[in-house]
Amino acid sequence: MPQDLRSLDAFTDTQRLIVVAAHPDDLETMCGGTIYQLAQRGVEIFSVNCTLGDIGAQDASLNRPTLAAGRLQETDNAAQRLGIRQTFNLGRPDGELLPDLALRAEIARLYRLTQADTLFTFDPFWTGQIHPDHRAAGQAALDAYMPSKMPLYQPAQLNEQGAGLGCLERVFVFSTDRDPNVVVDVTAVYPKKIAATIAHKTQFPEGEANLDWLKEIDHRIGERIGVTYAEQFRQIDVW
Amino acid sequence: MPQDLRSLDAFTDTQRLIVVAAHPDDLETMCGGTIYQLAQRGVEIFSVNCTLGDIGAQDASLNRPTLAAGRLQETDNAAQRLGIRQTFNLGRPDGELLPDLALRAEIARLYRLTQADTLFTFDPFWTGQIHPDHRAAGQAALDAYMPSKMPLYQPAQLNEQGAGLGCLERVFVFSTDRDPNVVVDVTAVYPKKIAATIAHKTQFPEGEANLDWLKEIDHRIGERIGVTYAEQFRQIDVW
Amino acid sequence: MPQDLRSLDAFTDTQRLIVVAAHPDDLETMCGGTIYQLAQRGVEIFSVNCTLGDIGAQDASLNRPTLAAGRLQETDNAAQRLGIRQTFNLGRPDGELLPDLALRAEIARLYRLTQADTLFTFDPFWTGQIHPDHRAAGQAALDAYMPSKMPLYQPAQLNEQGAGLGCLERVFVFSTDRDPNVVVDVTAVYPKKIAATIAHKTQFPEGEANLDWLKEIDHRIGERIGVTYAEQFRQIDVW
Amino acid sequence: MPQDLRSLDAFTDTQRLIVVAAHPDDLETMCGGTIYQLAQRGVEIFSVNCTLGDIGAQDASLNRPTLAAGRLQETDNAAQRLGIRQTFNLGRPDGELLPDLALRAEIARLYRLTQADTLFTFDPFWTGQIHPDHRAAGQAALDAYMPSKMPLYQPAQLNEQGAGLGCLERVFVFSTDRDPNVVVDVTAVYPKKIAATIAHKTQFPEGEANLDWLKEIDHRIGERIGVTYAEQFRQIDVW
Amino acid sequence: MPQDLRSLDAFTDTQRLIVVAAHPDDLETMCGGTIYQLAQRGVEIFSVNCTLGDIGAQDASLNRPTLAAGRLQETDNAAQRLGIRQTFNLGRPDGELLPDLALRAEIARLYRLTQADTLFTFDPFWTGQIHPDHRAAGQAALDAYMPSKMPLYQPAQLNEQGAGLGCLERVFVFSTDRDPNVVVDVTAVYPKKIAATIAHKTQFPEGEANLDWLKEIDHRIGERIGVTYAEQFRQIDVW
Amino acid sequence: MPQDLRSLDAFTDTQRLIVVAAHPDDLETMCGGTIYQLAQRGVEIFSVNCTLGDIGAQDASLNRPTLAAGRLQETDNAAQRLGIRQTFNLGRPDGELLPDLALRAEIARLYRLTQADTLFTFDPFWTGQIHPDHRAAGQAALDAYMPSKMPLYQPAQLNEQGAGLGCLERVFVFSTDRDPNVVVDVTAVYPKKIAATIAHKTQFPEGEANLDWLKEIDHRIGERIGVTYAEQFRQIDVW
């Protein structure tokens, strides 16, 4: 393994981890294997999807609320397989996510409510990111980091039961072209990742047969550290 | 009957009627009896609900897309009972409808697509209207009237199959404190109105037993013209 | 007193009253005498100002935050004189208040948090209202009424300590051209109204000497019921 | 003439008059005869059109900037015929005017720059107003009244050469269902009104032959005061 | 020629090409030589300018609609010289382009309507891009890529005659600091590029004499592949 | 000193310098030493803070206008210590700065009013920038560059006394990961930088004792050119 690459030990101090993604199934495909292992170690995992994923179908005769309702159920099924403690969906329309102040505030609220110490999200600065929702989710997640720690920002959020000032200490981005500095071997738990991913039946109606592309990506990452499958992250400096 | 009040004959020239409402069940309660009779006479009826009605529940454990999906189905069930030709739902979130330019354009599109000659909608100027969605739906419906007739407004809409310039000639508002000038006897078809209304099971889980308030309103209107049940409208001048 | 006019007895069932105004000093001038009497009777009064009142000066060399800070202090001074339990300021810039969804949500939050049963606000439909902030405050206050009662609207608000579903039962508007149906004799407590009003020193630097216009208005209302000073309201139907 | 109706004498103190309309040709049709007479008396007239009028054509093959450019020229031609000192066009797209804060600020700027003491505009509260642009122009014009007088509102505007605090003292609305309290006999100057109106050639390509509707309206108003043609206004109270 | 650089052969499979730019003359200066050659080979070219270019003048006495109308005409003149099949202008104001959802939708509509397989646009991620409109046009063009392929996104667009799901397969950006991977020799057609560029007379009133800067840029690119003039692109990965 | 690094001589031609930052104290910490030296040389310095810095406190009991008022005063105190000629605060709420068109216009106005030839601002493209306000301030500052030079953009701004077309010639960004090409030795004036920074008492209540982090950063930069303390910039190409 290259010298400065870390593995799961990058998360040694993590007790509560929040993942901010755009669509149901983003978490599973991007970092499902890492999440499963962290949950097994006792980390509390919170999953946030900003959109309902409600244009995620090639069948034009579907109506969007029905698709959304199905995907919320799939999200919970997948979460159960990975050991995720709680899922949140912010209800934004798919394909039209914007990193606006309202989204920032809703994400900051979840930082405060979950008291997460670690964040996973999309790298909003990846110049190869062709999906605007991915960029928007990552941007809003980073933008919420700083204000969530300040008591005069959206103070009503602090009145909710269990809420406190934001206390994120570590931020990791995925879907990035920055050099990854964390690569996690997910070979042993790969069946778990697959199982969670195919819980999204509307997206992968033929199950594992729909996931060759994912295996190929994860395999290519694995080669970096000499294993079959891996997931990678870039930890960024925050202050 | 007071001298200048008209009845169903106010709609003698109506061939295609569009109703712009805010929530599933607005059309049924406001003018279901009139709609049924017009449909029976061969008028083509188009129903537009601007919102999904997705906060329309007292059960906080429901998720909104699931409620929305159910209400879309209920809308179609009710439409079938009334003989409505086609229903549209503009997908806005319930309780937060705004009469913005996007909504105006979507409604104008439907005026152009349906080639409706007559509009029913909420009176946005009723000072007693406490539901902001009702006001917003009515305002957007009136605001779309004029631009829909102008070819340089949203010209791409005119490329859709069957679309033409807006051709509304008659506008009637309900939920108004302006003096009504049309009152329609709906006594004979009242069971149809009730049946369509209770098709909205999420709203009226106990069926007709939930509708005493509606009967009282319709009865009070009926008294104006000496019948058991009636619905009332104000036709407004347009140019 | 004209037959159908009510006086303070209109508020017999009121236990918690919320006043939604636009600027510091609106409450005091519009209904300070009524508020004082209700507070004396044990009604809990909550005061909401939507804007900071931070253009409320003729001295162009002032900076707006300094003016705002002063007016917050004046608001509290006035509230103390009237027996108001709690004041809220929503921090919007003066002269630019809009009845947008964010304002609606913040007001709905306060309905839920205070559990007010009665609302006082500006009539947004008064065609003579030349101050846009007054119209906006009243509109947002009315628009928040309905959603505040629905659990799926802004559900996070319901997690705050002490919050519950909105439970407003009575709505009274002031600054209206609708026929008033409540006129309250404030003669006996007029010195209290004056004292609270002149607590806004930035607005009335010469104290009572600046209030001839107010006395004239209140006197004209008083004449309706044969007293020296009165304040008037229109209770509107809500459902 | 009914007792409390005033005529041109309502404008005795007017020295600088600003008219805020929505489209080129609104001023001419609504009050061209009054404007001409006031200009003749030495009143400085400023004309503001909020939109470019750039959907004002039935020919779908036109492009909007070309139509707009033509209408700007027509506006100036008409202004010359009426003796208007200066015309402003705020460049908003036709059919989509909103009374937003930016429009309010631009209108306030013109109140400050022209130092107008009198305003003419559409009544935004007319419940029969079917054109949304008319309502928006009137609303923004009224909303700008109060802030324009306050030095901390948009203070940079006060740095422009010749600008001062807003000093409107009189506000008159047209296109209203409030009882008119000013009716101006325009019979003697009607040819001037017609000439100014048909300067808008894109709108009235056949000249006076296109204006039977206007003559009918103005004649109906004239009958109120026993003349052939008149224009009417409602002066509203401002403070 | 450096080994991995491709030339016109990068576009071998291109049949319908859409160029999304910000202002009239962007296409011509950025890639006019390449466009001309592709048109000659039978590729159907569609040109989209997001803004009217209506602040593109140093003469403050011009009015914007007149400038815009002129530039639309210049766009068509230039298009004719290059063999472009159709031009679209989205009518946004120059200097204020934002990559908002409305712009995204309008661009997606054109992907669907033209059935383009290849996209040229500005690189929105170039950190040296000082013109905000260029960044906005490129961002909106990339953001529209993904949704245009999904049937539940803006489904009304699919009803227009000739429209189908977006089918872009190749995306090339210009104005970029990413390593170019396509450099096209435009020496032989350079007079065509110059002729098309100077069709924008408002921008280059002295014709070719105004284009030394352009020749210098194109010459510097040419040096990379040992020719007099060239244009360069970065093909980015899409999925 | 590395060969292509420039020092204060990078600003030889600078006569009027404008710094666009997000919060009071950004200027002082980012480039206070450089600013002081330039002011000493006779450069006119203009400081722009986009936000009020009004969430900049850990004490939840503070109200925001009071904090803002204090920070405006601190800004002026610090400016006096550095020899800054004029400070501007754009009044935006802290933690919620957006690079919208209104902000762009306000900054362009200041470019025109100050006739600055040189700009300092945050690099909006730094992928490590975790504070959204910093990114927004830098983005708006760069976005305003081009339009400020064009007479048809916001032409009313040009009417203000002393205003002219924007004439920025040089742009330097700080807080960047682009290779710095200007590093300024601030060792000799470091006490001035410290004094200006601790003028922000609300932020650094213990004075210099709160600034170890700043010294460390400046020292690390200093090491690049072999001095104790330095500040660094990246000049970017503009056209």
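Quick notes
Going in written order, the chains are labelled A, B, C, D, E and F, and every chain counts its residues from 1.
Throughout what follows, contacts are C-beta pairs under 8 Å (C-beta built on N, C-alpha and C of every residue); 3 or more make two chains touch, one makes a residue touch a chain.
None of the values given here were measured: they were computed from a predicted structure.
Of the two chain pairs shown, B-D and C-F, the one joined by more C-beta contacts is B-D. When the contact pairs of A-C are matched by residue number against A-F, D-E or B-E, more than half turn up again in B-E. Here the CA centre of subunit A is 35 Å from the CA centre of subunit E. Mean C-alpha positions place subunit A and subunit B at a centre distance of 42 Å.
The centroid of the Cα atoms in subunit C and the matching centroid in subunit E are 56 Å apart.
Touching of two or more other chains is recorded for residues 54, 64 of subunit D. Remark: subunit C residues 101, 104, 123, 125, 142-143, 145-147, 150-153, 155, 158, 171, 178, 236-239 touch subunit B in the complex.
Against subunit B, the residues of subunit E that register as touching in their complex are 102, 109, 156-157, 159-161.
Put simply, subunit A touches subunit B in their complex at residues 52, 54, 63-66, 68-69, 72, 91, 93. On the subunit F side of its complex with subunit A, the touching residues are 54-60, 62, 64, 67, 94-96, 98, 127-128, 130-132.
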